[in-house]
Each structure stands twice: as C-alpha cells, then as structure tokens.
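One chain, subunit A, appears in both complexes that follow, with subunit B as partner in the first and subunit C in the second.
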Partner chain A sequence: MTHRFGFLWRTILLATAFSSTVYAAESAAPEIPLSLRISPQEYHKTIADVFGSDIVITGRFEPEKREEGLMAVGARSANISADGIELYDNLARGIAAQVVEPQRRKTLFKCAPRDVATRDDACTRSFLASAGRFLFRRPLTEQELTARVRRAGDVAEKKGDFYAGISAVLSEMLLAPQFLYRIRKVEPDTANPGQNRLDSYSRASMLSSYLWGSAPDDKLLKAAESGELLTAEGLWLQVDRMLSSPNVEGGVRAFFSDMFGFDEFETLSKDATFFPRFTPKVVEQAREQTLRTIVEHVVGERRDYRDLFTTPNTYLTRPLAAIYNVPIVDKADNAQPDRWIRYTYPENDPRAGILSQISFVALHSPAGRTSPTLRGKALREYIMCQAVPAPPGNVDFKLVQDSSNPNLRTARDRLSAHATEAMCTGCHKITDPMGLALETFDSGGGYRTSENDAPINTTGEHRGIKFDGPVGLAKVVRDDPAITTCVAKRSFAFAAGRSPTANDPAWQQIEKQFKDSGYNVIELMRRVATSEMIYAIPAQTASAQPVK
Partner chain B sequence: MKQHSFHRRKILRGMLAGSAVSVGLPILDGMLNNSGDAFAATGKPLPPRFATWFWPLGLGESDWVPKTAGANYELPPQLASLKPYQKKLNLFSGGQVFLDGQANDTHFTGVQGLMTGKVSKTREYYGSVDALVGDVIGTGTRFRSLQVCCSGEVRAGWSAHPQSGLLPAEVSPHALYTRIFGPEFKDPNAATFTPDPEVILRRSVLSGITEDRQKLMQEVGAADKAKLDNYFTSLRSLEQKLEVQLQKPDPLASCSKSAEPKQDDGHILTIAEDAMARHDLFAQLFVHALACDQTRVVNLAISNAFCGLRKAGDATSHHTYTHEEPIDPKLGYQVTCAWFQDKYMKALGDFINVLDSVREGDKSLLDRMVVFAFTDHGAPRLHSVRNYPLMTFGGGNGRMKTGLHVPRPGDALTRVGFTVQQAMGVPVSSWGVGSNKVNSAISEVLT
Partner chain C sequence: MRYQKLAAAALTLTAGVTFATQASAETRGYVISWFATATNAADFKANCPEDRNKGRIEWTIRDLIAVGYTKEQATEIVATAVDSVTLPPEIQNKMDTRAVVAGKPASVYNYPEAVADPNIETVTGKYAYGFDLGGANRANKFEDPDTHQLIDNQLWRAVGCTESFRAVPPVMPYPEELAWNTMVDSAPGWAIQITGNDLSKDGKVTITLNRTTQHPERDSNGAVMTNVSYIIDDSPRSHNVLQGEIKNGVLSITPAFVRLQGEMPYYSEIAIRDTQMRIKFEGENLVGYWGGYINWIDYVYMYTARPANGSDSIGLYHALKKMADAKPDPKTGQNQEISATFRMEAVPAYLTKLDGTVVAAPGPGGGRAINTSAR
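Up next is the complex of A and B:
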C-alpha cells in the first residue's frame, strides 16, 4: 500500500478568511448564559493558589467543548452531567482530605480547635469564611456561612473529629456551582440610570481568570469590595498590578493552551514501532516546551507575537533533544535528565518557531504517518482563525486508489494526483502548500529529507509569496496579518466568553493599540482587560436582572 | 450454566473462573416466585436492562445484507462471529438517516439522527436512545448508566442526557471497577445490612448546595437558570446514588464482585488488539454491574468514529483505510477494512456471550435485556447515511422477538430506535424530527 496521504476528506476548505461573518449573528441568537464552567486548568491553578501547589489533584474532569475557536467560549454552554458531577465529587473529596492533613494545618488554618475531637464553630467559621471567599470569588453570605459552620460542626461531633467536619464541608463547597461556575451577576449601573452592569466581583473573577488563569487574590477581592474595580482608574491600577505579577504566566499559559488546541495532547499517541522515542513523557514535555517558549517570548522578553513563528529560541530536555536530533549539553547536573535547558537553533537550521515543534507537527499528525492536510487545517483554524468547513459526503477517491503506482511516493505526489479532481483542486491550493512545507517533519516530530526514498519537495506559495521549507513557511506566516488579528480576537474572547464585534470602533482601537505596541501580547491583555467592552452585558442576556 | 464455544473468549472464561464468581449460577429458587420472573420476597419483577454497543465505520459496502428476510436467513461472512447468537439477534438493514437539507457532517450526523432522532446543522446532541430508556428503567440504581470507550477517548461516547448533553466515557477498566465495586459497593447477598454512616453524613452535607439553590436562581438570567437547573438535576442523581446505598438491596444470587483489573491509566490505545483486550475487561465489569443491579443501562464505544485504531506495525488507521484502500476486484470488498470489522464483530460476540452466560431464573441476563449495536455510516468509504447495519440482541424481558433479518430499504433509521424504546417500556408514541420522525414501531420484532 503506497497511498498514505491522511485525512483527505478534510481538505475541502473554502477561503473563508477572517471576515465580519465571524462576528455576526449576535442579534438573532437565543439568550446566552453569562456564567462559565471553570476549566480544568483554572481548577488546578485555583486549588494550588488557595491551598498550595503540593495538593495532588487526581481524577478526570468533565470534557470541555470548543466554540468560536476556544474552550473558554464553550464554557458558556458547558453543563455538568450526572457522570460529570461524580467526577467533580471525587476530585473535591480528594482535595478536602489533603487540606486537613496534619502537616498542612499550621499553614492553612489561622486557628486551632479548642478540642480536636469535637466542633469549634468559631475556628470553623474563620477557616470557611477565608477559604470560601477565594473559592466562591466573593465573600460568603451570612446564610451560606452559618449553614456550613453548623453542618461542619454536626459532622465533627458525629465523627469526633474537628477536621472531618471541615473536610466534609470543604468538599461540598468544591462541588458547589458557586465554585464550579464563574457566576456573573448584574446590578443597576449607577453611572447610567436604567441600565445594568456586571457587579464588581464578577469583574474581579473575569480579570483573575483572564490574566492569571486562577481565582482572585486578596487585593483584587478588596478592590472589588471597595468598588474600586468599577472605576476606570481603579481598574487600570489592578490590571497593572496583575500584569506585573509573576502570576501572569498562568494566564498566558491558559490562554495559549486553549488557543492552540493543546487539549488534543490528551489523545496524542504515536506508534512505538515507528517512533520509539515518542514516550508519554515526551508528550508531556512537548506541551511544556512550547508553553515555556511562549512564556519567555511573551512575558519574559515582551517580544513581538509574530516572532514566535520564527524565533530560534526554545527550551529542551534530553528526551526532546533526542527527537529533534539536537546535541544539548547539560553542564549543571547530569543526574537530572528532565532538566529544561535553553537552546537556540543555529542559523540555517531547518527548525525555527513554534510551528516546527512537536506541539504542532506531531500534535496534528495521525499516530503512524503525517498528514499535510491536517497540519494545514490546524494552521488555518488555530493560528489564523479561518474556518475550515466540514468535508462533503460521497467524496470519490477512486483516482488515487491505484496502490500499484510507483510514482506516488511522497505526500505531495499523492495530493497532486488527488487534486486533479475538479471538486478538490481549489481547496488543495489553499491548505496543502503550508502543510507540505512541513513534510520534512515526520509524524513524531523527527527531521527527514525523503519519503519512500524520494526527496521531499517543500516549496510553496502563500499570499503570492513563494517560500521553501519550514523556515520559509514560518516567515510568510509571521508576516500574514491574519495571525495578529486572530490572536487579538481570541484573547478578547478568552476574557469575555464571546468574540468581539469587528466593526465596533472600541475593538478597532484595541487592535490599533496592539499594533502600535509592536504586537506585545501583554499590552494587548492590558487593553482588553481595561476595556469596558468585555464587561458589557450582551443583548442576549436581557433576562439577567439585578439581585433584589 | 449455558456452555458456549469460546474462541478468544478463553480469556473471559478464565477471568470468570478465576474470580470465583457466581455468574452463571441460577438465582436461588427460594429467592424467586413460582414463575421465576420476580423476587419472592417483594414480588418486584426482575429488572429489564439495556446496553448500547458502538463500533466505528460500518461493515463496508452493501454486500453484508442477507438475501432473505425473516428467520433462518444466511448470516453474511461479515457477521460470522455472531453465528452462535443468531437466534438472539435481529439484524436491521436498508434504513437511512434523512438529512432534510442539512450538510452531512461526516461520522457525526448519521449517529446524531439515529440516536437522538434529530439532524441539525450544529453539533447539538441531546437525549440519546439509551438515556431515554434509562429515564424509565434506570432511576432506582446507584448508576443511572455507565459508559466506556475502549480506545481511551473520553469524548468518544454517544450517550447524552436530554438536557445536559453528552456524558463522558470512562476509559480505565480499573477506574470503572473502583466506581462500581470499590468501598461503596454493597453486596446484595450479604447476610446483614448496615447503612454506612459516612454516606449518611455525605448526604446531609450535600444538602448545603441545595439550600443555596433558590437564592442562586434569583440572581441569574434565564439561560444561566437553565444551566443551573441542569446542574441541580445532576446533583440530584448524586444524592440518589447515596440514597440507594442506604437501602438494603434485594438479594441477587447471580451477583458477585468482578475480578479487579490491574491498575491502568486508561491511556489512548491505537492498536486494535489492545483496544479489544480492554473491551473484554469492560464487558466483564458491565456484566457484573448488571447482575448486581448497580446499573441497568450500559454504553460501550470501541473508539471514536474517526477510528484511529491500527494493525500492529502498520502506520495507517482504520479510518484512513476506509477511504484509501481499493476494493479488491476479486473479493469485492476492502480487505484491510474487513480485518478491522471482523475484530469488532468478534468483540461484539464476546460481549453478547458474557451477558448470555448469566442465568436469572428461567432466562439469561441477555434475555432480560436489549443490546442495541450501531455504527456511524452505511458504506463508510463514501460517508453514506444509507443502508446502515443495525442490530439488537436479547428478548427485552419477553418484549422482543429475535432471530430475524428485517430489511427496510429507504425507511427512517429512527424506527429502530423507536422500536427499541417501546420494547423497553418508554411511553412514547412518536419520535424524531422532520423526515426522521416516526410514529409506528417495527411490529414484527415486538411481541
């Protein structure tokens, strides 16, 4: 069998470049929820921030769903199913049990019970009020707190263990909708009589989720409590504080993991026969490699977003270096094979930028072989925000099913044969040149120059510009305005839970500011977070009413 | 115990024997009434059960359709593995999903139509046949339903609640074992029953969430209310699970704990044989869970419909082969694809075999249930939504006739799902939307 081009059915791609239609449809849509289910990443980060990063979270989460290109938008309509709640219950009980373990009590509890064998309502109240404020992203109401203090006391009495009471109620709070959903509430807008706005705590939880990928900290909650966050100046100060904090790395990681579709790592696996070096550890490290590259570029060095696609800088471990066939020398400690080492590709190296990393070329390949079409599709969808329509039914593959043809040795040969069919030609012109330029990377991310003993031709053309090879492709992708429009749009949607409206002057202003900043992602985040646009209540949530 | 000829099923038999279980033993006479279909102590009828079983990418072109209808038809070679169960099998051919002008979102739209009755342009997927059946037969057990995916893809299942949508699939046999037979399992045949004080406390603590409900609902708009409603429905199912654990279960002699599978993390499998081995572990756990009445609805998917399973040492997946492999001019079918189909049908035979080997009174567990086996395309090479191979196994506690080939060329495929619902006692007089709406069952398979 020589016809090994993958996923041809996916290739029917129309040139639906990013256009206003993407933004449309706000008026006729049914009411959309304001509240969002928190992502597994935000759940992890919140628990680590509130109770310490040594809490081990074992178990699975209800799967996320992608809408408008992001899980963060899909979170709007994400439900918690009957099976899902069992998963969250297991996670919650596992965490709560660890929080009350003896070695953590000194750090996590401001008080100690008078008698550890029974209830101590004052100490319980102190702990639950403090933890609950971070978990629910606002202070607990007196009713919420009193009922929980009572129940924790009842359990403590019955079990003869103060901490069993805390653990039981804490696990309930970790299962409560106030924790699992970022619930956004509206209140009358005092500046605009007759209109509503999001309340201060809703703003705080949007900010912390967007900028830190976590729950609000004490200072942010205080700014919400004082009303500071509802003023332009107060909002600016908090955003500035948050963007200067090392926690911003959490927000950048969460955003790019979502935008670049890193949830696909969950199902990434390669055939050990063909890719013996592609171990589960490599899968874990490949994701981390790209996130480290991004964090250094975007947060550490505040460099131009576009240069992520051409940067020679990255981080490697020895298992990754083996796949990339890169000689790295770790002078620090030979006993740590998984230590991260900064690496810069030499000039004229065939690798550069994040498209040449395993997180792109292997993530978007089937287990055994490459698919230029799949890579081209991923580039269009994840990085350029261009929609790839579903392929039609009844595609006739008979023209390329001649397995005895010795002339079809490379993916390019096979795709060219396929593209002689009229219904396929137009689309293949759009997807394949980009995917074919990456054919020098096999399905496992290793470098090669031939396929079935035939040399791989990596030339192509994009937007009228001819290029050759992965680095050539990276350069034309870098200069395509679609990538900056896309990251700006996704960043806004990640913050707001919905895409921006393209022709809104306020949005156009944000895009201009992003450009003027030299495509500095942190500056983009500042402009989005301080824009009233993300806090606006969409027309479709008309029935949301202020709390009486 | 009914004896079947085991092939690869040696593994299953070994596990059954090794786990020293009473699967296969009849329910003790003293536990049943004179007719053997109800518990003597309570008079409650023995419960009906339901299973779905999904395999990817159909059975190839149309050459699997038997030449004759009704009983005693000649099983096609594609279904040779199911020969021992032909008398308990109904094979439906010819049915189609009507697209009603919607695009065919390949590998999805067909299942959307046949499992939920509704084809839509979005990936909307609510209220699958198993969930509708579960609402009727599954409410009194610890688990409303259990779902698994053998290839390790959490999102690959097809079971969806009418409101909250798709249910995640369990991918690790050991995790599934722990859910069912871990510390929370109450043996229905234990001599004594003591409600677990831990469960009582958990139930009372959970009431804290429900107490906040009213205030929360007042604070949000209609769309958020609907979402919170779904949340509280799911929470209710968790509370029900705890309540079930506090009640003394009816004795079930055919119940015993399954053997504990070895630790695993449910990682992705891409080799077909590995996925079939995991299938056998899931089948074991399911049969024990059903025999112990921990659930009455189980759902199994071999893999995602874009099946990434491969032969060991071959870089190309089953899905890719369906499109790229030429039809062998002499044999008339895609040879490698047939290899995969054969693997799946063997696994289906194993699944049926373990269910049929459990006796409950005068019937086997299989006789008391319906297993609904379905796939995503008619001829997958062409992404066809016509001429689907669908199967049911088991007599549905006396509500279904079996052993028939039922050709219904051009008929709405939803009629099979509708018939299954009626057999399982779902009070429904019509089902489906647009051209996929049906209001009469396939009477020849109903008693």
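Up next is the complex of A and C:
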C-alpha cells in the first residue's frame, strides 16, 4: 500500500511540477488559492454522471472544514492527509472495480479489446481519453494519456487481463489531484496584455461545480475548448443552458447543504429513551425533506427565497409524518422504500417554513434536550451570516443543562438564570429570543406545549418587532434583509471559493439584481455565474509564479 | 390550541388528506404493537408444582429416548451438541422423522398425531388471565388476577408449564416473539379504530378492526412507532365492526367473532369465536386482553411452522388436544376449539383510506397528539 501511494504521489508531484501553470492549495497567494478540494457530494455526483448512478460508493471521505461559513471556502485550504489518501484510495479502487465489471463494459466502453487477456493500447486510449476528460475536467495532455496507456497495458500484460489494466489506471486517476481538486489554471490574458486570467477549462469546472454540483458535461467542455467561455456572450449561453437543465437541482442541493450546515447530520443522533421515533432513517430523510422543499421552491417554482421560511409546502415520508404528527397516504406496496409525499400545512401552522423542520430544530439541539441558544446561533450564523462569539472558556453551563431542576422547569427559566452572569448576557441576547420561539419543538422535532408540565412561553423580539412562536418568528426572519444578503453572499462564495467584497460595485449590482428578481435564487446564480468577479485573478496571482 | 381541536370537524388538507371524523364523535386510531398468548408466569411454582417439563435440553433427551437411545446416550448427545441445541444432522433427522404414517417415516411436525403423547405437565395453578366464556366445567376455571372472576383459558393450562411460555410481559413467549420479530417488518399490521362521543368518558363505542396495507414501522428501540400513517386494507376478510363500552376507563365489547388475516410463520390468522375484550387506555397506548375460542390446530401451526423454534412441539400438540374444551367434532367427539386469551398492546396511529380520507387520528378529539415530554 505504501509503495503504491509513494509511486502515485511522486507521480502527482512530478506532474504538478511539470505544469507551469498549476497552482496547488498551498500557493503563494494563500488568501485566495486557486485549487479547491471537491466535496464528497461533488465526488458522488461526478462519479454518477460519468459512470452511472448505480456505481456504489462506500467509504468515508477526508473531513471538510468550514471557512467563512462554507465548506466550499474551506475547500481552498483542504489538504489530504496520509490517512485521507488511504480513504480516497479505497473509494477509487471500489469505483474502478465496478466500472470494469462485465455488465457495464458495453455501456461504458466504446470499444472492446481484441484480446481480453492482454493489452490493447488503442482501446485503452479511447476509454482513458474519454473518461479522463470528464474526471480531470479537461482533455488529458498527450503526455498524461501516453503514460497512462502504457501503464494500463503493462498491468494488463502482467495480470493477463485487459480490464485489470484499465481498473488500475482508473483508480490512480481517481486518486489524482487533478480529480480530487478543482485546479484553477491561469493563462496570459490576450485582451489585457501583461495580465493573467483563468483559462477556459477552469471556468468550466467552476460553473459545473457551482450550478450542477458536478463535473462539466461534454457541451461545457466543448465550449471551453472553443474559447466560448472566455466571451461574455458565450458564458451567458452556457449559464442559461445549465440553469435550464434538470442538473441545476444538484447545484442547489450542494449549495444549501453547505450553507445550512447539513454536514452536521453526520453526527446527529438523539436519546432513544426520549425520542424513539428518531431513527437513523429519520436522520437520512430529514435532510432530504428540507432539500426537496428547497428544490421545489427555488428550482421548480422559482419563488422568493424569503418565502422558504414561511412556506406551508414540504415533502414527507411516513416516519417523518409520524414525528410531525400529520397523516399522509403512501400508496406504495408494503415493504417498498418510503415514498415522498407532497404535503401542505394549513394557514398559520407552526410547522410551516424550514425552521420548524427536523433539519433545523433537531439538528441544532443536543441529544436529550433543546437548546434555544444553539438554535439561535445557527439561525444567526447559517441563515443571517452573523457571527456569534464562542462562550468564554470558564463559563458554567450547569444551570442551562440541568433540565430536571424543579425550580427552572423551562428552557427560558434556565437561560434567564444563566444569563444573569454578566459574561453571558451579551451573546444570549443575540441568540436566545429567536431560539426560544422554537421551544415548542422538542429536541427530536416533535411538537409540545409544555416542558416539565410548565407552559412554554415562545414570545420574543427581533429588530424591534415582537413575535410569538414559530409562526411569528418565521415571519420576522422572512422579512429580515440579513437573510437575502446572506444567501447572496454565500452563493457567491460557494462559486468563487471566497466571499465578495461588500463595497465592490459589481457585487452591489448582483445584490440589486437579486432583489429586482424577487429574490429568485436561480437568477442570483445566473448573475453570479456570469459575473467576471468570480473568475477574477487576485493581484498577487496575476503575476505570481507557479509552485515549484 | 388549534392542534388539539384540529379534527373536531371535518377538514380538508391540501395534501390530499381528508379528515372524515364526524363533528359529534371522535375516532382514535391505533396499530397493534404487541400480540401474544396471555401468560401468567410470575409464580411458576404455583402454576406447575411438579416442574417436570423443564426446557429444551430435557425434551430433546426425552425425544432421543423415544427413538431408541438410552438416557445416558441421549444425555451425552445433548451434552456434546453445539449450544446443547444443534444435534448431528443424522440424529436430528432421526428424531424429526420418527412419526410413522402408512408404514413409512414421516415428519413429526406434519404428523404429531403419529407420535406418542409425552404427557407434559399442564398448569394446575389458580390464576390465569381471561374471560368467562361460559365453560360448563367448573374444574377447568381459573381466576383472573385482575377481575377475580372465574374464567376459561385452557390454552394457558396447556402451554403454561413449558419453558418457552414462561414469559412475563413485555417479554413475549419465545415462539411468538421469534415469529413477531421475523414478520413485523414485512407483514401488514392490524389497525384498531375506536369511535365514541368522548373517549375520555364512559359510554358506548364502536371498535373497528382492519388489516393495514403496510407493515408496522419500528422506532429506535425496536418497538412499533407511534403516530405513523397506515392505509386500511378494505378487504372484508379482516374487517370487524364490534360494539363496545367504556366503563371506568376499561373498554369491553359485546362478544363477537373476530378475524384478522395474518402471515406465517406468525399466526396465519387471528380467528376468535365469541371474542371478549378488556382494554385499558394506558397513556397514549392501549393494553389489554382478547379472549374467546380458537381452533387449537391453527395455534399449533404457529410454532410447528418452524420446528427449531424452542418449543416442545409434540408435547404441546398433545396437551392442546387434550385441553381443548369446545366445539366437539360430531364424528370423533374431539373438541376442535380451545378457550384462549391473548394479550395485546396498540400504539396511536393515523388510519386512512386509500383515497386519502383520514378515518382515525391518534390524539384526543381526533386531532394531532402532542408530545408533553420534558425534553
């Protein structure tokens, strides 16, 4: 194993050094690096798009890290550890083995080897050139292709199996930085002598990642090859095409999963004693529920982003409906997978809007109790892009965490007692009023009216507006300009790998266009994707030297 | 709170779900979450003073002796078997096919009648759960520990001294637990609707039993999840409408035939003649007993369908046959039915028709139930 890694990464480093225009994550301009590690979601989506959705990807990924509110920004400084290489290698081997399975060969290979027991360089070249173009998001260079064809042939001869050679090389390609990172390449800007610009293929991979959450398709790569993406008109054409494609759902899912911190689902669990309905299936479905709600709202109906917080529409399965305590009719045959049923709550139902969903109220609660503070903090940070300071190191949480204290029966009681400590008051003022409005939702997402037999008070105030309960909170949040500024800023950062500069006129123009569109997220994506801002080369990099 | 009053009147939700509850009545829905032979095994010594049935090891030795091994040989075979259970195939086969039918060896599970009665010990204790079904033989009567009435429950008399039925709820008797856990994730569930003017008070009610089209959904603890939606199977085969009454918080019914289609290897069907019920509302759940006369042969199928299920199949067969106390066969005089009682539990559920009409909801007033937990 070590030998394989050593060989591979030596190869990778050599390949990187040969390329005079490839910048690694640890580039000379660390504040705006040029390479971003692809997310697990993009990895999955890319493999599905290139080799088929029936390819099973099992195994873990290197952990992601959040910067400026997004994993997509953290990706610019995401390295791969020694353990991580092993994880990716396991994934790669599993995928490569499936790709060459007999039942897939007819679909995935345009040619058949003359003799399956040995090398066939022409057929290997055909396959690797085609698959490699999608995996590396650009055509392989002749040097890259020749080396890989030779290696596949050598393995095929040694093992007496043409497909073993393909599998070996394909797994190495899936472990290559050209696949695991979206590498942005700069080239001289012919329109502005002395300046550099992102090349066409880098633009293509940015676009496909942003709009589809995947690798570029054939048309986008052709547009890159022709130079079309370097022109404003060509860029608009491709962006329009991509936003009209059903694949845009992938981009919207990837973006909101990142913005709303859905990576926290990986560790979400509840105390089964108190929340027996909170099964592993519910965890999986809760995330999907919100994503379906968003996709329908944003992509299907192109509705105002702000209305996501008050929309009565959602999708439910039977286990989710049990937690939300509503009836649904799933006509699927017995023992078939749960179906998603569209559901509309009555007017002024506390369950309307995405803040009442498990993906918010349960995701931001400890395993056995609620935390208005955590919910308020999540609302501030994920949805309003506002920073909430971390608690001081010496803070005593005992009062807040002891939900069995007979004198402090509700979370409001406990937080009020806790907030009398001067060092805590400030932050709790930011988080708690909004979090307390959601106290009618328990840690498992169920509805309740009392805690320890004491009635729950859900009143609060935000921006001078008084509200009561989830319905009131949802309306106040919906009308807070912070949420639209936030989603625009995050959308840009998701595309660019960095946050926009607030006083940049181009950015202000995007914000205005978003507003003028009625806060249509697809229009926001169109404006961001066609803005030269996201393709801009930072000053240091414009004349920077490649990493040696 | 609107939640509590949600379905007091007919409402239409845009999810294609229609509440059908009448304004003057409420209907609560449940799905059965536990169903098994009603045991009363807390005082085993009082039930079975001889304690001669013992467990699997003992009846395996007994059966080995029945096919020609000496007691010492049989003890040695069991002692060297894996987990004292898995015998060498040739020996197991010899035991399993020791029935003789038309001069040929046959399965003892298919032909238990062709095997000698091992005459297992049956319950001689005073207490068992059940109902007075009108059994004439006073010597057969037990006293119900809850109602202190004299009751008929010969099923318990037959099986109660067997190790696999030595279970105290929430533990099910082993054969039923095994079958339940095998089937619950795939076999359609059984639904209960209770309709009355105000189920929090005494009064007349109607109980409707149906099969559902979906199997019970399990929760994180392996129990049946509450408040899940089920579609009622409109097949008349499992449709039962019963008249009942709530008195002092206990629901009972006018005796009636109850039939619910089941799945092997659990009960192929629940078919109880002259069924009586005694059901309590415990928290949001139902807990209680159903008693009446069942076909004892059907009951035998429940555990002989899986020979290695930990039951003394042969001993129980003969005990049930002897204890059967109703519906004598006109030709042979052998009773075909046995008085029996089953313990059941049910959890709240939404029950709908295929067209989306909600016929029963979990909460009071036919509305959504509310979690009042401290969390």
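Going forward, the second predicted complex is superposed on the first by the 486 of 548 C-alpha atoms of A that agree within 3 Å, B and C clash if a C-alpha of one lies under 4 Å from a C-alpha of the other, contacts with A are read in each partner's own complex, and residues count from 1 in each chain.
The definition used in the following text is that a residue touches a chain if its C-beta (ideal position, glycine included) is under 8 Å from a C-beta of that chain, and two chains touch if they have at least 3 such contacts.
Nothing here was measured: the structure is a model prediction, and the numbers come from that model.
Contacts of A:D89 after superposition on the shared chain: subunit B is touched, whereas subunit C is not.
After overlaying the two complexes on the shared chain, residue contacts for A:R448 are found with subunit C alone; subunit B is out of touch. Of the two partner chains placed by superposition, only subunit B is touched by A:E62; subunit C is not.
Of the two partner chains placed by the overlay, subunit B and subunit C both lie in contact with A:R369.
Once the two complexes are laid over each other on the shared chain, residue contacts for A:A191 go to neither subunit B nor subunit C.
In the superposition on chain A, contact is made by A:F274 with both subunit B and subunit C. When the two complexes are overlaid on their common chain A, residue A:V169 makes contact with subunit B while staying clear of subunit C.
Of the two partner chains, subunit C is the only one touched by A:P319; subunit B is not.
Counting the residues of subunit A touched by each of subunit B and subunit C gives the higher count for B.
Using the contact criterion defined above for the overlaid structures, shared-chain residue A:Q143 touches subunit B, although it does not reach subunit C. When the two complexes are laid over each other on chain A, subunit A has residues 271, 274, 368-369, 403, 443 in contact with both subunit B and subunit C. The residues of subunit C lying in touch with subunit A in their complex are 1, 3, 11, 13-17, 185-186, 188, 213-215, 217-221, 223, 225-229, 231, 350, 352, 354, 356, 358, 361-363, 368-375. Remark: subunit A residues 1, 3-9, 30-35, 60, 62-63, 77, 79-87, 89, 141, 143-144, 147-148, 151, 154-155, 158-159, 168-169, 171-173, 175-178, 180-181, 183, 185-186, 266-269, 271, 273-274, 280, 366-369, 390-397, 400-403, 443, 540-545, 547-548 touch subunit B in the complex.
Taken together, the subunit A residues at the contact with subunit C in this complex read 270-272, 274-279, 318-319, 321-323, 325-331, 333-335, 341-346, 368-370, 403-404, 442-444, 446-453. For subunit B in complex with subunit A, the residues that touch the partner chain are 103-106, 144, 147, 152-155, 161, 163-168, 179, 197, 201-202, 204-209, 211-212, 215-216, 218-224, 226-228, 230-231, 233-235, 237-238, 241, 267-271, 308, 310, 312-317, 320, 323-326, 336, 381-385.
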